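First subunit A sits with subunit B, and in the next complex the same chain sits with subunit C.
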Partner chain A sequence: MQIQKDKYTRMLHAIAYVVILGLSVACLLPFLLIISASLTSNESIIRDGYHLIPGQFSLEGYKTVFIFPDEVLRAYTVTIVTTVVGTALGLFFMTMSGYVLARKDFKYRNTFSFYIYFTTLFGGGLVPWYIMITKYLGLLDSYAVLVLPGLMTPFLIILMKNFVKSAVPEELFDSGKMDGAGDFRIYWQIVLKLSMPGIATVGLFLALYYWNDWFTSSLFINDTHKYQLQFYLYNVINSAQFIAQMGAGTGVSLATEVPAESTKMAMAIVVNGPILFLYPFVQRYFVKGLTIGAVKG
Partner chain B sequence: MFLMLLPTLIFFLVNSYFPMVGIYYAFTQFDFNSSMFNSKFVGLQNFEFLWRSGTLVKLTMNTIGYNIAFIVLGNVLAIACAILLSELNGKWFKKISQSIMFLPYFVSFVILSVIVYNLFNYDSGFLNTMLTQFGLDPVDVYSKPWAWIFLIIIFYLWKNLGYSMVIYLAAITGISDEYYEAAKIDGANIFQRIWYITVPMLKSTFVVLLLFALGSIMKGQFDLFYQLIGNNGLLYNTTDILDTYVYRSLKVTFDVGMATAAGVYQSLFGFVLIMTVNYIIRKINDDYALF
Partner chain C sequence: MQMNKLRGKSSSILLMSVLSLALLAGCGGNSNSANKENAAVKESNNGGDTAQSNNTGTEEKTGLDTSKKVELQFYMLGDAPKDLSSIESQINKMAEEDLNATVKFNYTTWTDWDQKYKLLLSSGQSIDLIFTADWTQYQAYAKKGAFLAIDDLLPKAAPALQQFVPQDMWEAVKIDGKIYTVPATYKEYVTNGFVWREDLRKKYNLPQPTDLASYEAYMEGIKKNEPKMSPASFNSDVRGNLHDVYTTLNAMVGSPLPYGIGIKYSDPAKAYLYWGSEEHKEELLTMRRWQEKGLISKNVLNVKDTIQAPIIAGKAASIFGDNPTRFNDTLMKVKAAHPDWELGYYPYGKTIGYATPVHPIHNGFAIPKGSKNPERALAFYEKMVLDKRYNQLTQYGVEGKNYKIDANGYYELIGDASTNGFTREGMNGWAWRNPEFMIFDKSYDGVKEIFADLDKIQKPDIFTGFAEDYTSYQAEKAALEQVEKQYLYPLQAGLVEDVDAGLVTFMEKAKQAGLEKIQAEYIKQWDAYAQEKGL
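Now for the complex of A and B:
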């Protein structure tokens, strides 16, 4: 049955199309600008500035990035390894504590929930935390420091607890116990299987955090070989001498005209390529997870 | 079962509770070479200096001001978009535009700084390229502190719109169709239906998001500010927040005692603020209180 649209409905639809279309373009435009800039020749950028359509098409920028692929690839490796290890470890611990805190027969669950939650209310601040990690744990310039501090957040633990609560019926705990399964076995064989959507969401949040992290490197890493990808990019963008250094470091003298501007943009694309590429596949899990979280509260 | 919780407990003990002891540094003249309790005790001197120089007031105003703008504008825009999007029925259009608006949430803040550079760079930025093409004078955005108030807010919205929109969309999908049918029969037009049904139904989602946001009102969006402004001293007056000040004091100017003091102030002030807000909310409506 086709319902006749009244004039108000038509008006609202017109507004909606204009607004949504406008915002979508605004969200997309910056990406197009960077992609275009990375494909423009450097002289053309310096002469005419950035344009939406490359003034003078060229792949110089990408070529320069890959003259010395070692640096980029090393930063890539650091980021991939920290992301995989951090996400796996973090998920393991967070799902486990989410499960324990969701169990009604665990006596101290409220005490420990508050113990975790309280850290979001009050803390020592950045400096004592920094001193703790560098001076007392001695983690400066170690790979461990890239993984450990971000392993868990109270928010994700609470999210996980709610997922377990809504996905696993309490009777399953009892029947598992009756069949002689230990607490860990119940967690490993029942809880994990049933809370897959929750695990996917929390895992994605965590992976995104590790992939986009530049802050940890900037605080705790001095050895350039251990830079995460994002911090490496940050340095490339901020140091004008980057290319000269790269030449000096490897003993190769570069041609006088180094395409600095387009190289920066090409670098940005190379660093974020994987996320942009994976995005369409990952996005619906995020939406699903957020939806479950929002409705179930 | 306690064993399974142990790693998490240790993690928070080390990562969050031990550093609380370090608050002591705020009362000392920091010396990196001596151990914690050997540093010279100076009482409230660090705080006094921050207060006298006017730094604390400025930082507090900036931090809270930006956060209020983020919360108000962010939620209003997200609610408006979610409502508009939910009223449309083109399936493809809905899906694609939703995906595009969610995209900025996924890119890192470092990329955001590249984007801003690309847009506003004086010599070759997109803005100035456009301006000169139309025969206008180029603008040096990087020397205009007032412009960054708007830019920071705009880029915050740009990055977070898709995320909060999805949450509101989910809430809208949860509203039963019966309400709309009944309203239609009673002759309500689409604007009335939105205003009297959809908007009130979003209240609880809004309150939950608001409370979370209020909880972190003293913590700015460090990444956003630092990546956009960096160490550009020209812009500090309008863009410096507590987080960026503390970070700079630690990494650039090495005022460790001062940085700790500012951090402690931030933590305490935030704590008191949350407690007050929570108390007030519990008085008004118990269901919405955080704890």
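Now for the complex of A and C:
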């Protein structure tokens, strides 16, 4: 005989399903709207607005985005490379510092923690940052500038440190030492293996940061060949906004074509596609990594 | 216990040391940059000296020391054309021969260009040439000392350029008696004018827009006959495409005028308070009436499109005000997409009886303070303007590859804008246009016609030479901008039902933000300027 679920549990389930269904629809709708708009002809968007089902089907938007496949592909490559390199390097540095800061026998760990923590509270601001990078580090127009600033994010280091602290029992360090492992070996073979969820979480954060980063390109890159994808597309779209803002008084006429609505939407899809696929793969680590990391101490 | 106390102490010491370190670092940074600046100034002085001694040593040929090879940093606004690198290398080949210099063309892109422009000028980066215009706040930056005064450099480094630009233009760009920018000499008008669908006007026998009343009648006619169409195209920048246009139509000088100041062309010495006046109320009531009649859309504050796009798509039937060049662009696009449509244009100049060609400040190039080679930069810029090879290469690209000249001497793009790597004026080189070397597209004849019309009624621009100095009311200015966005924009778009009450609220909030102080200071500065220029 099957155990009958009691009435309240069933009701609860029903409500929960309805709520979740509603929320997912609310999340999906805008996305569907973008997909549909990217497939609608531009004139139809301007005249009738956005619809869930394309009024006049057209692939014009995608054609425009890929009219210079070499440029889009180059921007894609820059973004992929910076994301991969940045995430790998960043993870290495952050797990390393997390591990070091988590070890109780590290004499200056409080000092260092404080220095790292301090930067989350006080920053120099935009102009000093700009001067620092352009004048003193000389990184203007280099690929390095796209990777370096994100490598040591204080918040992620703190997250990592707390994660290592809670996931790796302190006794393991001692026992590893007794068995003849050096500090680096303990880090590489024990700490890293045990903090997989934390690494996945921080890794996803980092990957998202690098993938979505347009600001660094915007500030420090003049060479169009080194634009990241986000900035490349954002910039194309912005030309339209620029004319909209400048009003009639300037007489600036742009030689390049201003992208149409459907093109903007197609761009959004092109940019977001790949990173959407990343999420399901790391998601299972995500909850664990975040909750454990959230307990500060 | 003991331990805890100790720890508390040590951490507080640590905190203090870090804070004081931060303080020290802040000061250090300052003094450092100040030193740098001094050094840079010294360097440039030295450079000047050696150039002079060389000059007397050799002969009076160029007056320029070109013995050391330099790379010039050239900054433009907007996006770089795709073929830039090949153009750059061709220019460099010539420049190396002529001036022993190479140049790097840099672009800010239109994304956050104003912020980047500010960073470029405030970070003291070594930039040798940068674009200036009234809309990039040339006057304010010049006042703040961001640019190098080139009065003494000109005769030495670019004598031909000094000759080429008329004396009165040099006079017009002066800020506090010094020249900070090289103005462009091409004369154009960016004054507004009505744009409308002529085919629809004929079809429904509507009046031709020539002033505010006839324009309103035209819009109403469209509203009645084409209910699915917007009578006019407006976007969220209501200040730009409603207020500024409206005041221009009322013969206001230099609109956009900031801070609710009013200055009439007929009596420029008398600046008055426009906000809150009967005249202002009339503007807002007009907009309210348009809103009530459905001539302005209800969600106008959310529209982010360009004003032109709905015209081309056939969604809107007119533009309140656009300049001749952009009208021509729109016309070309409409013709291409819908050959049976017609567009009409009526410049405001004819309505108000005069039109002002752009002020020399509107397009120019300056040498920022951080430049390491101001002389070579100026000499190079002279080449850009006066050497036909440099000029046409950077304005139109490579003949035969990017463009060709047809039998009648018109410019013709090869291919279309998306396949060609260098469209007409693709480097955004509005500032180094040289009227003698310019080649025009066939379609530009329409613009020239309008310009010729306006030439007959031209009067000088008396406003743009004015350099506002807002250092004393910077905080109030920022506060006022917020208030304007929140309380004035809806009024300007006619979205507030009770105009009187809305205006009272706005004035109250504006006064709280420090409006009176700003206005008093602004008018004081304007009066001084008017007196100096004898207006």
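Here, the second predicted complex is superposed on the first by the 237 of 297 C-alpha atoms of A that agree within 3 Å, B and C clash if a C-alpha of one lies under 4 Å from a C-alpha of the other, contacts with A are read in each partner's own complex, and residues count from 1 in each chain.
Operating definition for what follows: contacts are C-beta pairs under 8 Å (C-beta built on N, C-alpha and C of every residue); 3 or more make two chains touch, one makes a residue touch a chain.
Bear in mind that the values here come from a model prediction, so they are computed numbers and not experimental data.
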Partner chain in contact with A:I20 - subunit B first, subunit C second, else both or neither: first
Which of subunit B and subunit C A:E171 touches, first, second, both or neither: neither
Touched partner set for A:N238, first subunit B, second subunit C, both or neither: both
Which of subunit B and subunit C A:L126 touches, first, second, both or neither: both
First, second, both or neither for A:I67, with subunit B first and subunit C second: second
Subunit B versus subunit C, judged by how many residues of subunit A each one touches: B
Touching partner for A:T224 - first (subunit B), second (subunit C), both, neither: second
Touched partner set for A:D179, first subunit B, second subunit C, both or neither: neither
Which superposed partner A:E43 touches (first subunit B, second subunit C, both, neither): second
Touching partner for A:Y187 - first (subunit B), second (subunit C), both, neither: first
Footprint overlap on subunit A, where subunit B in one structure and subunit C in the other make contact: 46, 114-115, 122, 126-128, 130-131, 135, 218-219, 231, 234, 238, 261
Parts of subunit C lying in touch with subunit A, wherever the complex brings them together: 11, 14-15, 18, 22, 29, 33, 78-82, 84, 106-107, 109-113, 116, 119, 122-125, 133, 135, 188-190, 192, 235-237, 240-241, 244-245, 256, 304-310, 313-315, 321-323, 325-326, 329, 358, 362, 417-418, 423-426, 428, 430
Interfacial residue positions of subunit A with respect to subunit C in the complex: 42-43, 46-47, 64, 67-68, 71, 110-111, 114-115, 118, 122, 126-128, 130-131, 134-135, 218-219, 222, 224, 231, 234-235, 238-258, 260-261
Subunit B - residues contacting subunit A, complex: 1-2, 4-5, 7-9, 11-12, 14-23, 25, 32, 80-81, 84-85, 87-88, 93, 96-104, 106-111, 113-115, 117-119, 121, 123-126, 128-129, 132, 158, 161-163, 166-167, 170-171, 173-174, 189-191, 194, 205, 208, 215-216, 222-223, 227, 230, 243, 246-247, 249-251, 256, 259-260, 262-264, 266-268, 270-271, 274, 291
Subunit B contact footprint on subunit A (complex, rising order): 6, 8-9, 12-13, 15-17, 19-21, 23-24, 26-28, 30-31, 33-34, 37, 45-46, 48-52, 93-94, 96-97, 99-101, 103, 106, 108, 112, 114-117, 119-132, 135-137, 149, 151-152, 154, 157, 183-184, 187, 208, 211-212, 214-215, 218-219, 230-231, 233-234, 237-238, 261, 264-265, 268, 271-272, 275-276, 279-280, 282-283, 286-287, 290-291, 294-295, 297
